[in-house]
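You will see chain A twice below: alongside chain B first, and alongside chain C after that.
Right, the complex of A and B next:
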């Protein structure tokens, strides 16, 4: 990957380097054609561990098959800006580790991290009682260690962020659970892998607070009929109830051991 | 915690023994640690222990896990006490430099992102990260752990360029040792696809099926071992300092040891005038901090090398 310019703050390699080109593209044995390991409405198992980052006020590590990310919450701490704000500020920053994607990600910030930050911010911001933290900022940092599709990163990122906020003891209206779905032909599948998402007609990501049965964020892209989109949302919402109990359980078992 | 509580603690070091206050002991200790870190550490060392319960020369537990990241060509996760570092190797193909057509590239970098500690801010690499990257590069290049000539695909045409990126997830001191261990472990786990250079198209083709491990110089597997010196009433030499101890050190010593116990480099950063109480610790002339560091580093390196196998 061509490096934009010489960066004197890092160790630099050659001016240009390219990811390897592989011979005969494996016949795409239609990896997405049928799921062998799970049903269409099943999600991959979630491993969620709050409190791994000891330096942070709250943290969570989440792993769903090949999506792995760590999230840390710092705050509430004093806002840097001089203007007075009655409500607290929630700041979400997502960073990809350079080795997290199939192509190496040069460490310069690109647009993808931002769009992910915005999506995760929207998913969790309405669950946090920001009116209780005047003049302060809550920083949520997410590092993606391994990426298996942006949809999975947004969903897992929202779950991890919500768990980390709870771990930090920040008051919230409810825990946020999030799930993604794709439409492939006439099938609807939850929690798609990267291959499935690339082959799909459209993608829906839903973030909600199952305890209050309210939706905090919906993200839809691709070409979907209104009925399909609604069906996806319903399926996601149902599954979020299960995810919610996973988060709640990991938080309470972490509390017991701590 | 109230302002009054803070003030009552400020006078404490002068007053000597703690007077009973209405708060719990744990909270008082925490406030004391925040306000008087030097005195806090000093009192522990006077008893011959460190705040985390270790003896001065004791190291933290190390855990190494390799190959857990499928998007990287090689990866390792290292936990050294609280310090957690993930390292991934990504291989790309580049043209060699004109003056060295038979040398590949290795590009080690460490990132200390805002996620790992409240003292780091988001944005470009901090000075600390830049210095660390430079030291890691120095250790990997000077040890010749991976001869760059083994990365050649076709002389003068195409070579492998290995990006060795380490990311700190949790920063609890001594990132150099942890990062070097993670990088060496990740290199040991790295496999490259079999590549052939086609002169007619001047392109390189890689095989999907065949992957070969790097030809590492196993006798040159380097590990870093860091020590810190503290002055105060009980000058001590602390092995593997934590993030609480690091800012209180008067000088640090980093030793890099290879697989056969040979010393690759020694680096000492002394600040201020303290000689780590060397005269008190080592009254015999001709001995000093370094003389006690080197054997300790060699002993410890044997344990780390076992982890790398």
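Right, the complex of A and C next:
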């Protein structure tokens, strides 16, 4: 929040500001409470709609409970780089809206945007036929409108980016589905909220192409035994098949409407 | 083929027998034919294709329309805005270049850029190669390629009167261009 210098390109408010502090009644006692609305192996309901941004070549909007993000695909368009490349290039840019988190995020780019971009890029780059677009770039822009955990943003962002690329008519080997899981003790939960992720021992995010039965990206953090990690990956892969049918249904209905 | 649309990665059902030749929008992985685009596979002749009309980058043998943006003694720089009849979105034009040796098929050594193109002319050409890192190489060395729209110094739209001359309807002045043969002749 505190910036080192005066930003001449924006309206400058106070130098420093802090969010209001509400009473944290019983916050720590109930941080890993039992889920009331779904089971441990359930994911949050997914709303996915391609084709909402008119000026983009392809777009997708996705909601999973309190995670909302919009994705736009531009391209293939001319590469600004002076390097000749026989294959196309895929760029992913992730941006948090300032109002997307409980604590306000400055509009300037920070380190977390970068790590999310890299994770989503790795999830979808192997599914795109980049050899069909020499000397061109495909730009994917993801704006996170509401954030309920970084894991949900990475998983939802991969799903939205894949749907947007299919909506744009980019050749792909398969649709990418992604799911996250957390572990605490002997308990494993799929599709965690921010509170569950903060209280957990370890986090696993898996992105795969269910049509080809292949995994495109695995992202793991925290303290996990090998058995726990493999168990999480298998649970995520099983759930990705369900997510893939959600993507397929929304793309099919959108294609029929068009 | 059924009228069901396929999604990327979805296998294409085939009756037992040889696989037909595959066109755009399909690929083979581990002996299985799969779709790589959203759409309905159809036979075009004997080729199975998922066709989707969308803006795509120029490729060799693409017919392009572009606007001349820069001239130098050896080449003309063109901003490509239409590829194979499909306009590119605004702001996503590609850059092409027409070299003096590619302007016409005859008398290549006597070509002068100033007698063939001016800034702002709309040019029809064919891509001959991917070129270098920045530009595609374009040729107008065919009768039906060249300038299809030009504005005179007086600001009026000129009409082609021969393969290398255009006339201003307002002032009657003749200006030199490498003209494209109109399609309705």
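Criterion: the second predicted complex is superposed on the first by the 247 of 258 C-alpha atoms of A that agree within 3 Å, B and C clash if a C-alpha of one lies under 4 Å from a C-alpha of the other, contacts with A are read in each partner's own complex, and residues count from 1 in each chain.
To be clear about the criterion, contacts are C-beta pairs under 8 Å (C-beta built on N, C-alpha and C of every residue); 3 or more make two chains touch, one makes a residue touch a chain.
What you see is a predicted model, and the numbers here were worked out from it, not measured in a lab.
When both complexes are overlaid on chain A, the residue A:74 reaches chain B and chain C alike.
By the touch criterion stated above, A:10 is placed in contact with chain B alone, chain C being left untouched. Touch criterion not met for A:203: it reaches neither chain B nor chain C.
Applying the stated contact rule after C-alpha superposition, one finds that A:248 touches chain C and leaves chain B untouched.
Taking chain A as the reference, the larger set of touched residues comes from B, when chain B and chain C are compared. By the touch criterion defined above, A:100 lies against chain B but remains apart from chain C after alignment on the C-alpha atoms of chain A.
Contacts of A:173 after superposition: chain C is touched, whereas chain B is not reached. Once both structures are placed on chain A, chain A residues 55, 74 are touched by chain B and, in the other complex, by chain C.
Those residues of chain A whose C-beta lies close enough to touch chain B in the complex are 1, 9-14, 16-24, 26, 52-56, 66, 68, 70-72, 74, 93, 95, 97-102, 104, 107, 139, 141-143, 145-147.
Across the complex, chain B meets chain A through its residues 68-72, 75, 82, 84, 86, 88-97, 105, 107-109, 111, 113-118, 122, 124-125, 130, 133-134, 137, 161, 163, 165, 167, 169-172, 193, 195, 203-208, 243. By the touch criterion given at the top, residues 5, 7-10, 25, 27, 29, 34, 36-39, 52, 54-57, 88-89, 92-95, 130, 132-134 of chain C touch chain A in their complex. For chain A in complex with chain C, the residues that touch the partner chain are 55, 57, 74-79, 81-84, 127, 129, 133-136, 166-169, 171-175, 209, 211-212, 248, 251-252, 255-256.
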